[in-house]
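Dropping the structures in below, format is structure tokens.
In what comes next, subunit A is part of two complexes: it sits with subunit B in the first one and with subunit C in the second one.
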Partner chain A sequence: MTKVFNNPLDFREQMLDGFTAAYSRTIERIRDASGVMVRGGPTAGKVAVLIGGGGGHYPLFGGLVGKGFATGAVMGEIFTSPSAEQCYRCAKAVDGGAGIVFAYGNYSGDVMNFSMATMRLKLEGLDVRQVLVTDDVASSTDVDSRRGVAGDFFVFKVLGASAWRGDSLDTVEALGRRANAMTRSFGVAFGGCTVPGQGQPLFTVAPDQMELGLGLHGEPGVETSKLLTAQEVSGLLVDKLLSDIPRGAGTRAAVLVNGLGATKYEELFVLYSDMHRRLSAAGIETYKPIVGELATSLNMEGCSLTLMWLDKELQALVDAPAETPAWTNY
Partner chain B sequence: MNQADLTARCLDAALSVILEKETELAYLDSVAGDGDHGAGMARGFRAVVASGAGSSTAGEVLAKAGMAFSNAAGGSSGALVGMYLMTLGMNLSGEITRAAQLHTALLKAQEAVMKLGKSQAGDKTLLDTLVPFTTAYGEAASAGASLTAAWLSALGAARAGMESTRDMISKRGRSAVLKERSLGTQDPGATSVYYVLQAAGDVLQSHCPQ
Partner chain C sequence: MTKVFNNPLDFREQMLDGFTAAYSRTIERIRDASGVMVRGGPTAGKVAVLIGGGGGHYPLFGGLVGKGFATGAVMGEIFTSPSAEQCYRCAKAVDGGAGIVFAYGNYSGDVMNFSMATMRLKLEGLDVRQVLVTDDVASSTDVDSRRGVAGDFFVFKVLGASAWRGDSLDTVEALGRRANAMTRSFGVAFGGCTVPGQGQPLFTVAPDQMELGLGLHGEPGVETSKLLTAQEVSGLLVDKLLSDIPRGAGTRAAVLVNGLGATKYEELFVLYSDMHRRLSAAGIETYKPIVGELATSLNMEGCSLTLMWLDKELQALVDAPAETPAWTNY
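And then the complex of A and B:
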């Protein structure tokens, strides 16, 4: 249960306030809007990457803003997409005159609000592109209808790195789409999460069970299973992703083992010890694996595995330096 | 009472009824959503009421209300209800003298929501209340009913539409991923829209009986 809050109505604003106070060395608040941008604002002549979505997923979205990563983030109420007006205001704040890419997970509220903001910005003559993240293999067999989960991290990193090195809007967009096409995730959950101010968790999982393929907001997954051992969980996650390798993938993949909030680093490392062996045995070269909390769901118990299948160009963008509140690459 | 004030009064009543029903809406949304529908609607209508002053026509009040709602509420409901109010307002210019004028605006607003949400009646959304409401309103208006009389007579169809969502499987939004889980529970969006239409009907009845 989320226990630290004052008036739940003020939660987002107070969270944003503390976040910007703590990380003023890398980011700053966008004035009169629910969002943050890289400290000092956009760089003239560079494409801006504005990421965003509902709250409750830190470090998504504000934690991934900074040099080499997203130019800005628009941040909604807990699990609620930001409004079109907020997307619009944040886009205006991060615009460097070379076009804007909106990047976000594929959820209906986000699609509506970002699309409305896109229409408005286009009417003003700005060039705006949208890159939707659709990495969750559990959510649909139709690749384009899938929702976005931890794969956000890799797609945003590629977009941000491309924009920061000065690529054109067309190139940034194309690389972002390629990153998304090459990224797959699958997750499991052991327990629900509670929205601040609500007495009940959003959903529950029986103590001796787990949910396979559960979404970031408790959307049920493909099946309920008895609670598996770490080795069995790791086998399941690896097998799911190896049975859904995107066309054109090579043998090298960036790896993210993600904790959803209440499944901790030590548990994730236990999982990774087995995942690493399994991936290697399958002939996959794991590239700079990341084990940690990069896309959370408040205090949800669960974890996911994400693979972004690399080519030379995507790998260079993964390697590019970045400095954000939650992620630093030297 | 002039039409701008009357419209503002309807929106005040909308906020009151949403606050009154917030727990029920939260419950309906928790079955297949994240339980925040009541809170989002309340956030939206609070902003609407705060934005009310300074408009001279019903259309202006509604257009401003739509912008305020969508900005404050966020999420799908923010976008859809905001778009509905905004389009309704933009299609009502000047003084409303005939019930049919409102019907045209209701249709435009409904079409805008269908387009934005890529959905239609039967998908288990707010449209399941709005579409039968607008149809019944239009029929009453063309049969010669006053605006208030047409509105009140259409509430029955709106209610039936809302109740029909209980037996539907959601096709749009977060609850669509849950498929059968939404079966048996009324759609929260269809429900809150019905309460708002009903509250506005009460205001019309007491302040503008003709």
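And then the complex of A and C:
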């Protein structure tokens, strides 16, 4: 349950204020908007990547802004899309004159607001593209209708690295779409979370049960199950992703075992112990696995497995150096 | 509550197995011991820094092993000291022939087991030093009797950076002691955590209350309070540390706002928003603040503020490059 806040109405503003104060060495606040951008602002002549969505998912979204990653991030209230006006303002702030890519998980509120901002910016003559993340295999059998979950991390990394090395807008967009097409996630939840100032969790799960295929905001799962062992959960997640390998995938995949907030690192490692064995047995080469919290839902209990199937170019973009408040590699 | 496990008796082993499988690019398992070390083992002629303690505190301890940080880590069962035998085995594995520093938080079990291992290693002719972290101001008025909490992070970083650049054993030890002498932490808790396989949390806090000065394992706090606002918690933590500034401190301090597991990033940023204002108003220069989870207690609800008061040398060691599973800077 969320315990540290003042007036809940001030939560987003105070969160952004504290985040900016802590990481002023890397990022800065976008003036008059609920967003942040890379310190010093955009680089003239480079494509800008603006990521965004609701609050409560740190390090999504502001934590992934910085050199080699997103140019900026726009954030709404907890679990609520940023408004079209906020998307517009943040886009204007990060524009380096070479075009803008909006990148976000596929949720109706985000689609509406980013699309409205896109129309407005196009009327002003800016070239804006949209790359939606649709990695959650549980949410639909139609690949393009799926919602975005922890796969955001890999898609944003690819987009940011491509923009940062100076690729054209067409290239950045195409690589982002390729990254998304090659990314699949599946998750489970053991318990809900409580928004600041509210007394009741968004949803509840009985202590001896779990939800399969739950979304980042407590959207209904595909199935309720009795509580499984770590090995059973591992089998479920790995089997699901291996039954949904995208066309054109090779045998090497970047791996993210993501905790939603209150399912902790030690549990994720126990889970990965079994996942690693299963993936290896299936002939899959796991590339630089990441086990941690890269897409959270406040202190929700749950976790997911994400695979991004790699080719040489995607792998190079995963490897490209980046430095953000929540992610550094070199 | 811990939900992802198989047989609780296998938890530590499976956790270590999964951790090692995920981060084999950085670390490797120490054979026949419950520990890990930097990939490729120790560097001949360099001092080895072996950190350790109970499990359940990730990224303490294994997550901080790697280039520029700890040479190795030895871990016990959840919230339980590693045995003297395990400390001994891991020390032998990380020894590079230039001496060993054992570094750990000041808890009686750890002191006993690391000290027994020290005696045994000394009988074999190895030069072993011990640096205990004693940063928790709540635990005693006697500075040397205090227990170690999130300040571990800064003390280990200084030790690792010093050893990595090739300092002598005397110098590494002296710098580690100086880092500890300059580090202070104070924390609060809102709720307990549950060890894998147990039905009851280690301790409970009423929903409208909080514990001040609680330790990492649910050791009694100094006081129970009604639940405070973020600003009140901030005032409490900042005032406490400003009333306990170590002799010789300047005006610049490295800052860590640490979450214990289920008090999440957004809450910590709201907290830091107020802390930053208070520290600045007191004339303190905050140096590269870190807001995140660097010393957890499974999914315990709580957080702490750590300050390490910097001089030029400590600052250089904080800045020195490092690459571990949970921490990278360059």
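Criterion: the second predicted complex is superposed on the first by the 330 of 330 C-alpha atoms of A that agree within 3 Å, B and C clash if a C-alpha of one lies under 4 Å from a C-alpha of the other, contacts with A are read in each partner's own complex, and residues count from 1 in each chain.
Criterion: a contact is a pair of C-beta atoms (placed from the backbone, for glycine too) under 8 Å apart; a residue touches a chain by one contact, two chains touch by 3 or more.
Worth saying up front: this structure is predicted, and the values here are computed from it rather than measured.
Peer 1: Does the superposition put A:Phe61 against subunit B (first), subunit C (second), both, or neither?
Peer 2: A:Phe61 sits against neither subunit B nor subunit C.
Peer 1: Is A:Gln200 in contact with subunit B, with subunit C, with both, or with neither (first, second, both, neither)?
Peer 2: first
Peer 1: Quick one: classify A:Trp164 as touching subunit B (first), subunit C (second), both or neither.
Peer 2: neither
Peer 1: Thinking of the overlay built on chain A, is A:Ser139 touched by subunit B (first), by subunit C (second), by both, or by neither?
Peer 2: first
Peer 1: With both complexes superposed on chain A, which partner does A:Thr263 reach: first (subunit B), second (subunit C), both or neither?
Peer 2: second
Peer 1: Check the contacts made with subunit A and report whether subunit B or subunit C touches more of its residues.
Peer 2: Larger number of subunit A residues touched: C.
Peer 1: Classify the contacts of A:Met112 with the two partner chains as first (subunit B alone), second (subunit C alone), both, or neither.
Peer 2: A:Met112: touches subunit B, not subunit C.
Peer 1: Once chain A of both complexes is superposed, is A:Glu219 in touch with subunit B (first), subunit C (second), both, or neither?
Peer 2: It touches subunit B, and subunit C stays clear.
Peer 1: Which subunit A residues lie in the overlap of the subunit B contact set and the subunit C contact set?
Peer 2: Subunit A residues touching both partners: 78.
Peer 1: Which residues of subunit A touch subunit B in their complex?
Peer 2: So the residues of subunit A in touch with subunit B come to 9, 54, 76-86, 107-109, 112-113, 116, 139, 147, 195, 198, 200, 202, 215, 217-220.
Peer 1: Along subunit B, where are the residues that touch subunit A in the complex?
Peer 2: Interface residues on the subunit B side: 26, 30, 34-36, 40, 43, 67, 70-80, 82-83, 116-117, 172-174, 177-178, 181.
Peer 1: Within the complex, which stretch of subunit C touches subunit A?
Peer 2: Interface residues on the subunit C side: 1-6, 11, 14-19, 21-23, 25, 55-56, 58-59, 63, 78, 190-191, 196, 207, 210, 227, 229-231, 233, 255, 257, 261-276, 288-293, 296, 298-299, 301, 303, 323, 326, 328-330.
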